[in-house]
Amino acid sequence: MTFLYNAWYVAAWDHELKNDSMLSRRLLDKKIVMYRDENGDPVALQDRCPHRFAPLSLGCLRDGEIECGYHGLRFNAKGQCVGNPHGNGHIPKGASVRKYSLVERYSALWIWMGNNEPISDAIPDFSFLDPKTSIVAKDYLHARANYVLETDNIMDLSHIEFMHKSTLGSSAVRNAVSEVSQEGNTVWSRRLTKDEVLPDFLEEAWRIPKGTPVSRWMDVRWDAPANMLLSVGAVPSGDAPRTGNSTYIAHFFTPETETATHYWFGFGFPKSMGDAGYERANTAIANIRKPFELEDLPMLEAQQENMEDQSFWELKPVLLAGDAGAIRARRVLEALIKDEASDSA
Amino acid sequence: MTFLYNAWYVAAWDHELKNDSMLSRRLLDKKIVMYRDENGDPVALQDRCPHRFAPLSLGCLRDGEIECGYHGLRFNAKGQCVGNPHGNGHIPKGASVRKYSLVERYSALWIWMGNNEPISDAIPDFSFLDPKTSIVAKDYLHARANYVLETDNIMDLSHIEFMHKSTLGSSAVRNAVSEVSQEGNTVWSRRLTKDEVLPDFLEEAWRIPKGTPVSRWMDVRWDAPANMLLSVGAVPSGDAPRTGNSTYIAHFFTPETETATHYWFGFGFPKSMGDAGYERANTAIANIRKPFELEDLPMLEAQQENMEDQSFWELKPVLLAGDAGAIRARRVLEALIKDEASDSA
Amino acid sequence: MTFLYNAWYVAAWDHELKNDSMLSRRLLDKKIVMYRDENGDPVALQDRCPHRFAPLSLGCLRDGEIECGYHGLRFNAKGQCVGNPHGNGHIPKGASVRKYSLVERYSALWIWMGNNEPISDAIPDFSFLDPKTSIVAKDYLHARANYVLETDNIMDLSHIEFMHKSTLGSSAVRNAVSEVSQEGNTVWSRRLTKDEVLPDFLEEAWRIPKGTPVSRWMDVRWDAPANMLLSVGAVPSGDAPRTGNSTYIAHFFTPETETATHYWFGFGFPKSMGDAGYERANTAIANIRKPFELEDLPMLEAQQENMEDQSFWELKPVLLAGDAGAIRARRVLEALIKDEASDSA
């Protein structure tokens, strides 16, 4: 499978991009340098000088321009060469690097790497991560696994019973009522467990009295390529589900290469919660990192290793009830990639 | 060269397979999970769940069945899916993993990875390693070298003069009388040195008075793919050779990949030796590991590295007198692989 | 790009080749073993026994001959097998390893790896490194970068302004008068800066009073494949340049593989300088290693990584004024490689 290029990918959390320094990262198997210009606006350029292919990120950032660290060519935020210290100072034809649209929204930096005009509205709504209105807690993991395996993981949360026994799952999960739906290219995978006694990990996180049977919802919204919003919550059994407060978690997956993925995840709580909200957010992000890092990550990397050079479909996967959402998302993504390929053909 | 599949390979020593735990190992470039069922009988299955390709070895072993650690599919010792916790519990068609015959014999677990019916009698006789009648001392090394290079090494023991000067060899080795013979697909490479004063290492191991000239025999029996029995011993010069007690050492080589090998080696002494036998066995295995690990292993790995991407025959090896046994074994193995390929064509 | 074979490459500094020991090194992607024979004369052989492909460098050196450490074949300095301890001692046909010409000159060992007769006179003149007449200070670095990137680096010293700001460069460098010329296959890249105040690093090294404006010359002579002589010096502004003493530095680059390079660099000072010359040489080599190792090396390795699998020309480099010398050298080298290929076709 190739990548979908005309789409928004998260390239970094906002705090990763500081003033006066550059961040180099491989995204969709291309080296990208990111920085903030004099106004603090984010910039993304191809991280390779057209002269001798030095990474621009090894150079100096001055006045919103990069000076290459090897021979001093200067590039502005549009990727144009604007300074040549050598000879008569003439700017050689073709001396430019590719510029990518990089938009700051929802505490993240979103990059568009395709050739089509970027569609700003196409960034899915993660307004619960808007730092103006929310307390946001953010973290990052790197996985040596294909990014669609990560989509599979989130879209089929039946796995929490087996993989996260002591933290997120319980034996009630298998009896969940699940439902998959699609609106345009957005896929929803919703799951409701009934009369579930949550593991201590969640009872404590959600301040539910120990041993209380609850209805728990875990609803995932997926948008291509692999940006997911998870809303979860619980009410005492008998109460109407999905009426109580939901906790929102974002899962952003961006391919580093075909077999490695950048994984950003974050919580947002209303600013109205004040200090308690900050404490809650910090605790939540620190807690959730543990199952993600210690349980999901090793499994996903082992999956990838086991797949060797074969594609998902070549391996003829056996499909289960819980796969409906993941497979729907795969089909949408595959169609988008196919369309893009035929457009550019 | 491809692998010979319809043959017995050692997959583990018996003690490596404990009750209530799983052992995952790459054999012939395939990931295999091994465990003991409720009766203690050894089981070998493909280590890849057919649903999402998770290694089954990352799951749980319960009542002789494996529960996949990702989504909870259960597999019995035949590799059949016998439990699906999702949806209506229906077992999806095709939900099975390949089962391999795994036989416990001579302190080892023997695996058959080919498509033909396994032939139990085809395991060569290593009854000196039978734990019912013998004191057995076992060890293991991993080599980044093709397994046939290991066969070459054992079948041509003329190398001990040069590679193991201080432990196993002496300058008398070059004058050995050697003899190669074949019975069916079994190849023998026999070697007798005369009037040899053994290195201290062996005089001490075999309790021979220092400086005594001896006749020493080193006889190797090879069976495809790479299972060898070495019987060695010495009598005072003048006595009829091969009349005294032999020490028996097994060398089992199983390809992990084309360029890496699992190497199991072990001694067996009669139980009648009692405590002295245990002491002898433990000392022998600890001593022999040193030249194997510190002298053979670096050489074999350097050979493999030097061969780069070329095959043994492409490199046009110069042949010496001592190669007769190794080349005979290579020819038998090549013929068996060729036959197997034409059978399945 | 393939390699140029019929040419002299540095294989080692003279002191790297000790009596009674062997040195194994990969050169032009071939493993070579080097040693000194009984007369101290340097020998270079293919480092692979023709019997079982063991590296000869793992064997023993005795009386100017190598005994293979695996089965004891002996090879003389011509690469001929001269001893076989096995069987009747007959030397098998074809039992030889390739011998390469290895010449000791200018404190270095020069190897010729092509099939044509080596041309002794073709070694470029580096007599300032002759240990009979000079105090020589030598060092070595290993770079994970193609060797022609190293040529580019030295032939275009305009980079010192940007890469070596605190040691070798200054902002006057961009205004240098530069000049490229060619004599036969030798390319010169000459550079003269005027009214330059040198960085402290150089003022101290060259004992120039702090803040003195100078004329500085930096002249590079290149010979294929990648052997360069750098002569540098400075006189007070107004004095005729290139009249004062020059400091000479050799840069020898030999491909280990397509993407890795051996890098030898050295200073030579007249023996007439006595103790002061030794101190100067030792200080100079220790100082110069720092920018080479900490500034050039990371950039060159990053360039190589950024080029991925593409060739220099495929990447369509933008050319600057300072590239003239590097491109001229590339063109000469490419023509020599092309000629060699058509000769052997």
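Each chain gets a letter, A, B and C, in the order it is written, and its residues are counted from 1.
One rule holds for everything that comes next: a residue touches a chain if its C-beta (ideal position, glycine included) is under 8 Å from a C-beta of that chain, and two chains touch if they have at least 3 such contacts.
Keep in mind that what you see is a predicted model, and the values were worked out from it rather than measured.
Student: If you take the chains that touch chain B and keep only those that also touch chain C, what is left?
Tutor: Chains touching both chain B and chain C: A.
Student: Can you check whether chain A and chain C touch via the same residue numbers (shared by over half) or via different ones?
Tutor: Both copies touch with mostly different residues.
Student: Quick check: how many Å separate the C-alpha centres of chain A and chain C?
Tutor: 48
Student: Hunt down the residues of chain C that sit against at least two other chains at once, touch-wise.
Tutor: none
Student: Help me check something: in the complex, which residues belonging to chain C touch chain B?
Tutor: 31, 47-48, 50-55, 58-59, 67-73, 81, 84-88, 92-95
Student: Looking at the complex, which residues from chain A come into contact with chain B?
Tutor: Touch residues, chain A against chain B: 149, 152, 156, 158-159, 161-163, 174, 298-299, 302-303, 306-307, 315-322.
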